[in-house]
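The structure's right below; bear with me while I get my questions together.
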């Protein structure tokens, strides 16, 4: 079942989400990563990063918190050792990038511009902006747009630039619009909202970093809502939906809300075969509902209804 | 590392209580086939519609060839996931992934091996002992815990070990104190060539310190909170010194759980050492 | 175990959350509502409101969505029939108010100012501001502060005014600060973040209203994080913590993060005895940890740690 | 309404399959004691650490006095909660709240009562029939469903009813069509004084329309998605016309589930009728 990420064709709409599929090699013991719609890398940074201290994870009801802190070997090692492995096998790779300033994102884009095997670049905007006292880009439309524009300018024209948004903002549509105005070819949502858990025995935060990103089915309603709102406001913009997808039904929920591709994150930790399984389930569900093409289902839940009135509810 | 891990929906064959612990034997052919001592498995807990997302990791205690291959693990109830496991009954289905991790490396030539286990950390040492015996190694045991009901495998150790030394913090079994307290004497007595240890982090630190003092190699099996167990989430890292002398935050689930003891920076577990590769400040503090 | 809401003493720190305890009468078949720390009413509006069409609820993983839409009989009927029932029995009643404009909130406060039996007024700021194209007050520090200031001015000086915040904002501390500057005596958090669920069989939103508020354990990590952040920034401000509390352990998590009272919402739907049970569990946990007074545990997880560094994590 | 509801952790006594349905009998004394026909119970599903937060509502099919009091309910598997219930076995614990709601009002004097059930909606009608018999009423049944395996209680209806008419959409049992199709003839034949109906909303609408035409009272038991079942969440409302002629959004769980049919604005279920008390626009459109 073909899918499109802007003008780039993917063999199917089920992607692995950033930071949840390792380098691809680990998962390939279980599933053929070259058959994923695409594999998104963890966010690559300029310099190597050791990340956050442990404990880095805590389980929460139907969710988990993580504070990995973008551990990774830096862009040079990534280009030398990780991207080629994926490229040689013909995997589609969405390279996620993370930076602390517009300049750093731009430098990363330049470094990726002539690397073979980059299917798209995804800008992880949930990074603290060192020039704005650590306010994350995803919470500031202006800063986000600036990053997007300069990455877009630095990348090859035929490589789509995807801006990845966070749900914990007052108005996700405003941020989405700023990114599209800045030149984003597509949007990905949602990154993890910030959460926290306290170990009541130690009487300390469960994560060494204190707060962490909340992922898993617990946040799916936030993801569906963000995709829904952004698709309603910007129907022409391709959206990669993610957040708590565990099954074909969950993927379909995001598709009906407006996503033209769906990424799987936390579920991979539980089920390393999740991507092919979810694809199979999604195909079956679409088939049962009489859809030949994915595109016919994208955003379908927006069609006008009789009983429903679809504004945001006050409570 | 014996081949690639698999996910199987196994069937619980037997359940038993062993003092403070529970043991589950699960029919899981694909996993049993590939097992080597030191491997672990991860288990999905909670059943359909559970709110518990992450698999739980357990060292493999034993594999057998009956029923095409069974895997046994031993666990203490700690939170809701292990509580759910303790409720399993024969014939229940159990979703397992394994075998995972780097197993214990075995000496090429016959050697005298001292196996040190703390609490349920003893569980993986018996399969190791069997493998060592097959290589004509001598095996001695030091097993310890807080109290006698938490010392796992004392009888079996006595049966198969050349010597077995037991310790408890409360003195209810063997010597009062910790395995670390008795270790120097046991190393001296047994003339151990190599030490294998599995147990809580402070114990592994102590064991490693003693081994460094005696200048004998030590292999430790480390435990760190894990979200995936297969190397893709990066939550399970500890600071480990590499062959090049540089410290890296490495994954316990794939580079470990077994490491050379002196390579693990035990004092810095739970921190990012300032000299680790990519540490904040080292290069750029974000 | 005594608790304080600003200067008002409560017999214990476990409250029923707004909109989750009916009029008090329904729950009293199960538990003695007069022994709750306090009972918060559903948000009272000036005029009667029929609320939203059904379906108004959808279950989500460890959570639920609701779009009740503040159904209620209006403030006059509330004062005539509901508040007296609670007051006569000696229940402590926190009256939640909801409005579409500063003027409406003010009018509500005036109407409540001389009503007997109002222990505190809680301002539900998650209502759309009709003067700002429906932007909810809780997402706009300025508008929130204006509401708080005028309610504070209209209420009797000895009745605490509590501002209730939502988590789906870019910076909850900024909103909290605006409310405190506006005169709030205490803050309540969190109200439900907006979420959505799609029925993949009907291929329509599961709620008639489209979006709804997400509550239950799924959002507890967001609640703990908000309480933590606000307590860190405004340690002197009393906080009522809520969001997914099901047990004494959950309540303690919020207390350790900085809440001096804890409200129970969705759990009451499952367990109508939840308030006394959670109180008992919390008391036991505090006792086990050697606390004589609740106050000694409030915010305790903030004490400096050795291994931990507690900034917000980028990911 | 017979006293206040209680929460009990009951024990499953028996489980059985009845065609397309499952039936669970649960030892739950406090609930059985207080039961009156038309009451429902809510059941916690999923066990410890489940992700399913809300209780599931089921009409009480039957109560018995054995074991201090048992409650039986009948259900179709629809989603994960009922799937979990279908897996329960004898001796499992089940957390129930009940009895809930407004039961069927009974005629003061002997009358001819027609009981109309659709799908599992037949379940609560048998206890009602018993109560009516005790008041010397005549009881007739009309039961229908999509297919024969979904008609619940046909045998029992034939045994205890004066007459029993069955309908299926596919014609696999009784008349082809719906209960509404046969209703006029049955009312005429039995000279029914009053109709009681339980089943899907469209059926209740149809039954009510026929009864209005015949000018006989009809009591309908309504189903709406519920989060609490005890009147505190306000999610289960339907538009109902009050004694004063005004339409209000009233709670099915406490003001219902049984209503006088002609008071329920079936055509407006799932909307807020513009003339409902507090409707948007009526007063202020927020």
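Labels A, B, C and D are assigned to the chains in the order they are written; within every chain, residues are numbered from 1.
In this section, a contact is a pair of C-beta atoms (placed from the backbone, for glycine too) under 8 Å apart; a residue touches a chain by one contact, two chains touch by 3 or more.
Heads up on the chains, UniProt names are A, C = Dihydroorotate dehydrogenase; B, D = Dihydroorotate dehydrogenase B (NAD(+)), electron transfer subunit.
Given the structure is predicted, the values throughout are model-derived calculations rather than measurements.
Participant: Listed by label, which chains are in contact with chain C and with chain D?
Facilitator: A, B
Participant: Hey, which pair has more contacts between C-betas, A-B or A-D?
Facilitator: Between the two chain pairs, A-B has more contacting C-beta pairs.
Participant: For chain A and chain B, let me know how many angstrom lie between their CA-based centres, rounded off.
Facilitator: The answer is 35 Å.
Participant: Taking each chain's centre as the mean position of its Cα atoms, how many Å separate chain A from chain C?
Facilitator: The answer is 32 Å.
Participant: Could you state the distance in Å from the CA-based centre of chain B to that of chain C?
Facilitator: So the centre of chain B lies 46 Å away from the centre of chain C.
Participant: So which bits of chain D are touching at least two other chains?
Facilitator: Residues 51-52, 270-271, 286 of chain D touch two or more partner chains.
Participant: Could you list the positions in chain C whose residues touch two or more of the other chains?
Facilitator: If we look for residues of chain C contacting two or more partner chains, we find 19, 52-53, 61-63, 66, 68, 127-128, 208, 216-217, 307, 314.
Participant: How about chain D: which of its residues touch chain A in the complex?
Facilitator: 51, 270-271, 286
Participant: Which bits of chain B are touching chain D when the two form their complex?
Facilitator: Checking each residue of chain B against chain D gives 46-52, 80, 83-84.
Participant: Of all residues in chain B, which touch chain A in the complex?
Facilitator: Those in contact with chain A are residues 4-7, 44, 51-55, 97, 224-238, 248-249, 254, 269-272, 276-280, 282-284, 286.
Participant: With touch defined as at the start, can you tell me which chain A residues reach chain C in the complex?
Facilitator: 19, 43, 52-53, 60-63, 65-70, 98, 124, 126-128, 134, 136, 139-140, 167-171, 191-198, 200, 203-205, 207-214, 216-222, 224-225, 228, 244, 249, 252-253, 256-257, 285, 289, 297, 300-301, 305, 307-315
Participant: Quick check on the complex: what are the chain A residues that touch chain D?
Facilitator: 61-62, 217, 307, 314
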